[in-house]
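Both complexes below contain chain A, partnered by chain B and then by chain C.
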Partner chain A sequence: MFLAFALITLLGALGMLLQKNIIVAGLCMVASFFGVAGLFVLLANPVAAALQIIVYTGAILVLVLFVIMMLNSHEEEPAETSRPIQRWVSVILSLALAVGAVKLVLASKGLQQLAEKGAAVPPAVTLQGVGAVLFADHLLGFEVAGLMLLAAMVGAVALTKRNL
Partner chain B sequence: MDTLASLLHTSPALAWMVVKIVIVFSAVMLLASVWTWVERRGSAMIQDRIGPNRAALFGRIRIIGLAQLLADGIKFFFKEDLEPTDVNRGLFWLAPFLAFVPAMLGFAVIPFGRDFVSGGTIYHLSVLDPGNGMGMLYPMAIGGLAVYGVLVAAWSSNNKWSILGGMRASAAMVSYEIGMSLAVVSIFMTTGGYDPAEIISAQGSLPWHWNVVPQFLGFIVFFTCMFAETNRLPFDFAEGESEIVAGFNTEYGSMKFSLLALAEYAHLMTASALVVTLFFGGWQVPFVAHPSVGLSILSFVVKLLFFAWVFVWIRWTLPRFRYDQMMRLGWKAMLPMSMVNLVVHAWLMSHGR
Partner chain C sequence: MTGMDAILHGGLQGYLVVALLLFAIGLASVLLRRTLLLQFMGVELMLNAANVALLAFARSRGGDLQGTVFYLFIIAVAACEAAVGLALIIGLYRHRDTTDSDRAASLKQ
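Take a look at the complex of A and B:
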């Protein structure tokens, strides 16, 4: 199961990078999101899986595809003149990100516990648990994020609808 | 079930799972295809016509025109599979499946009868057992995917009418999703759980305890949003025959069109199952505290078919909204209404204790 979902995720991501057609690339990204949702289910976190699909696949990517379809025609855009420096900077940045992620995982408490106690299926995360954590432990972050999103929304409306 | 499992060399759990999947999906498929006929007969009844009553098995057995289903199916299969020259081939073929699969999948968490005990094990009458952790988040997640079918079909057809229909439909679906989610959240709140089995058992067998009575506002919002989600007539901006030819399925023919049409009806079935589960007590039988399994299934099916009929009824009663009217209704009426519903119930809960 893990291999199947990991393959879906990786192939989706690869397809997104290699596809020239921007809509097909977006759909590959959907497949990749599905793989990640499957991995969340395997990690006994069905809530995160459902939220992943609702938020990313059902809302964000639909809006992205919507805008792309509204703006562009069917032609695949010709590549601009390539700038080698961009490529190298991007390779270095993604390598740094990958090293950081691996380091974080290796240093995490969960991995230490796994080494000490062995693998045990943890109790599945429930929506009630997520809500309690959000409103008890991370209340400030939650409220700040809400305020930021509201400000962004008001800003977007103010910028586009000047003569409302 | 145990003997069947031992005959097939599998565990009872696996055999039960397969049986459930076959029963649920074939029932939804069958109902969806029957509903194409119900829609035509129903529209005929409402408009004082007769409707399709001619098709007959072997030229003789008419059964009030029900053979029309078979005739339609056969016709669609044998039609030429046209594919316009400028379509994006892969996506053009993928789109009907993208529309059909989510419409079917949404039904998986709905309990269609009470659970029963046989041979010491509990059997649940829903494809995904309760306590799976996804609960009602699952149909909402899957429902959000229904946009892709319309969007991909519209874009890959390479046709201006199609893309107009797809754009309008996807904008409508995304905007109505917020009001719908808030209506569902207030049900989660009053129930104290988000599993459909919990929601149903919390409602009990007395009709005035069902969620529709205390949360009537939520019901109105949810039901309206279901029309937008399924692209049914007061909001059918994906098709809009009188404005944009046939919208997202203009370029589709033969079995591909049939799949797109069936997806709409499967979606309708899932939507009415959601309405029944959330607001009308699911499989609960009115005034019977502990119904038998058969009675509970019957009760669920009767409610399901009633709401599926309401979808047809409203389609042939109301004219289509204008696009800006629908957007105004969604953002300026439905969203505030479901917010009021949420806040009022939160206030009542905090003062009730």
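Take a look at the complex of A and C:
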């Protein structure tokens, strides 16, 4: 199961990276986010999985797809100036980051100890438990997050409106 | 569980490897694609990679609820970023008629 969801996630992400059509790239992102939600279920965390589907695929990506269709920019515009050096440097940088980080994770003794210590599957996270922790320990953070969402909403309206 | 085994059967290292590869793909799409919308999606991908790593560590600590709460805050920030970022892209498109980041290299017209 883990391998299946991991493959969905990574192939969706790769599809987004390589796809020419931007709408298809957005739909690849949806597949990738569903894969991530599956990974969260395997991590005994159905709350996060539900939130992932509702917020990321349901809200954020739908918003992105709406903007793509509204701007009518389905294809990437042809490059103004080709920058071969920058492109090769970024390819090499990303590959080096991926390979190096994976090697570090696989070689790490501390991570292996941590994985062995927490190998038993914990009880699934419940919404009730999350709510209790959220409102008992993080009430201020919760309020600030609400204020920040309001500010972002007002800012988005102010930025997009032609004449206020 | 050793490294390769963990990747195949979903140990902590397996989730971390997935998260790191997801981050690298997101970084590559920010660096390689020219359309701002795709770069934006790459940023979302990198945020998601962080979430996967965070919740994997929370699970290996015995299902720590603080991890899920932190994930909630990350989602709130991502939603704000999406709203403001897309508004900026629309604003740029109105001014320049383009969503290409190379063509928006200078802020003045």
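Everything below uses one rule, namely that the second predicted complex is superposed on the first by the 114 of 164 C-alpha atoms of A that agree within 3 Å, B and C clash if a C-alpha of one lies under 4 Å from a C-alpha of the other, contacts with A are read in each partner's own complex, and residues count from 1 in each chain.
Here, a residue touches a chain if its C-beta (ideal position, glycine included) is under 8 Å from a C-beta of that chain, and two chains touch if they have at least 3 such contacts.
Fair warning: this is a prediction, and the values are worked out from it, not measured in the lab.
*Asks:* Counting touched residues of chain A, say whether chain B or chain C comes out ahead.
*Replies:* Per-residue touch count on chain A favours C.
*Asks:* After superposition on the shared chain, which partner residues are touched by A:Pro46: those of chain B (first), chain C (second), both, or neither?
*Replies:* The answer is first: A:Pro46 touches chain B but not chain C.
*Asks:* After lining up the shared chain so the two structures overlap, which partner does A:Ala59 touch, if you call chain B first and chain C second: first, second, both or neither?
*Replies:* Both: A:Ala59 reaches chain B and chain C.
*Asks:* After superposition on the shared chain, which partner residues are touched by A:Val125: those of chain B (first), chain C (second), both, or neither?
*Replies:* Both partners, chain B and chain C.
*Asks:* Looking at the overlay, what does A:Glu143 touch: chain B (first), chain C (second), both, or neither?
*Replies:* neither
*Asks:* After the superposition on A, what does A:Val24 contact: first (chain B), second (chain C), both or neither?
*Replies:* After superposition on chain A, A:Val24 lies in contact with chain B alone.
*Asks:* May I ask you to decide whether A:Met69 touches chain B, chain C, both, or neither, giving the answer as first, second, both or neither?
*Replies:* It touches chain B, and chain C stays clear.
*Asks:* Based on the A-chain superposition described above, do chain B and chain C contact any of the same residues on chain A, and if so which?
*Replies:* 44-45, 47, 51, 59, 63, 70, 124-125
*Asks:* Quick check: in the complex, which residue numbers of chain C touch chain A?
*Replies:* Residues 1-4, 6-18, 20-29, 31-35, 37-38, 40-42, 44-45, 48, 51-52, 55-56, 58-63, 65-66, 68-69, 71-73, 75-84, 86-91, 93-94, 98-100, 102-103.
*Asks:* So in the complex, which bits of chain A are touching chain B?
*Replies:* Of all residues in chain A, those touching chain B are 21, 23-24, 27, 30, 44-47, 49-51, 53-54, 57-59, 62-63, 65-66, 69-70, 74, 124-128.
*Asks:* State the interface residues of chain B toward chain A in the complex, per the touch definition above.
*Replies:* Result: residues 86, 88, 90-91, 132-135, 137-138, 140-145, 147-148, 151-152, 154-155, 158, 163, 166-167, 170-171, 174, 177, 188, 193-194 of chain B touch chain A.
*Asks:* Sort out for me which residues of chain A touch chain C in the complex.
*Replies:* Touching chain C from chain A are residues 1-3, 6, 9-10, 13-14, 16-17, 22, 25-26, 29, 32-33, 36, 39-40, 42-45, 47-48, 51-52, 55-56, 59-60, 63-64, 67-68, 70-71, 73, 76-77, 79-81, 87, 90-91, 93-95, 97-98, 101-102, 105-108, 111-112, 114-120, 122-125, 129-130, 133-134, 137-138, 141, 145, 148-149, 151-153, 155-157, 159-160, 162.
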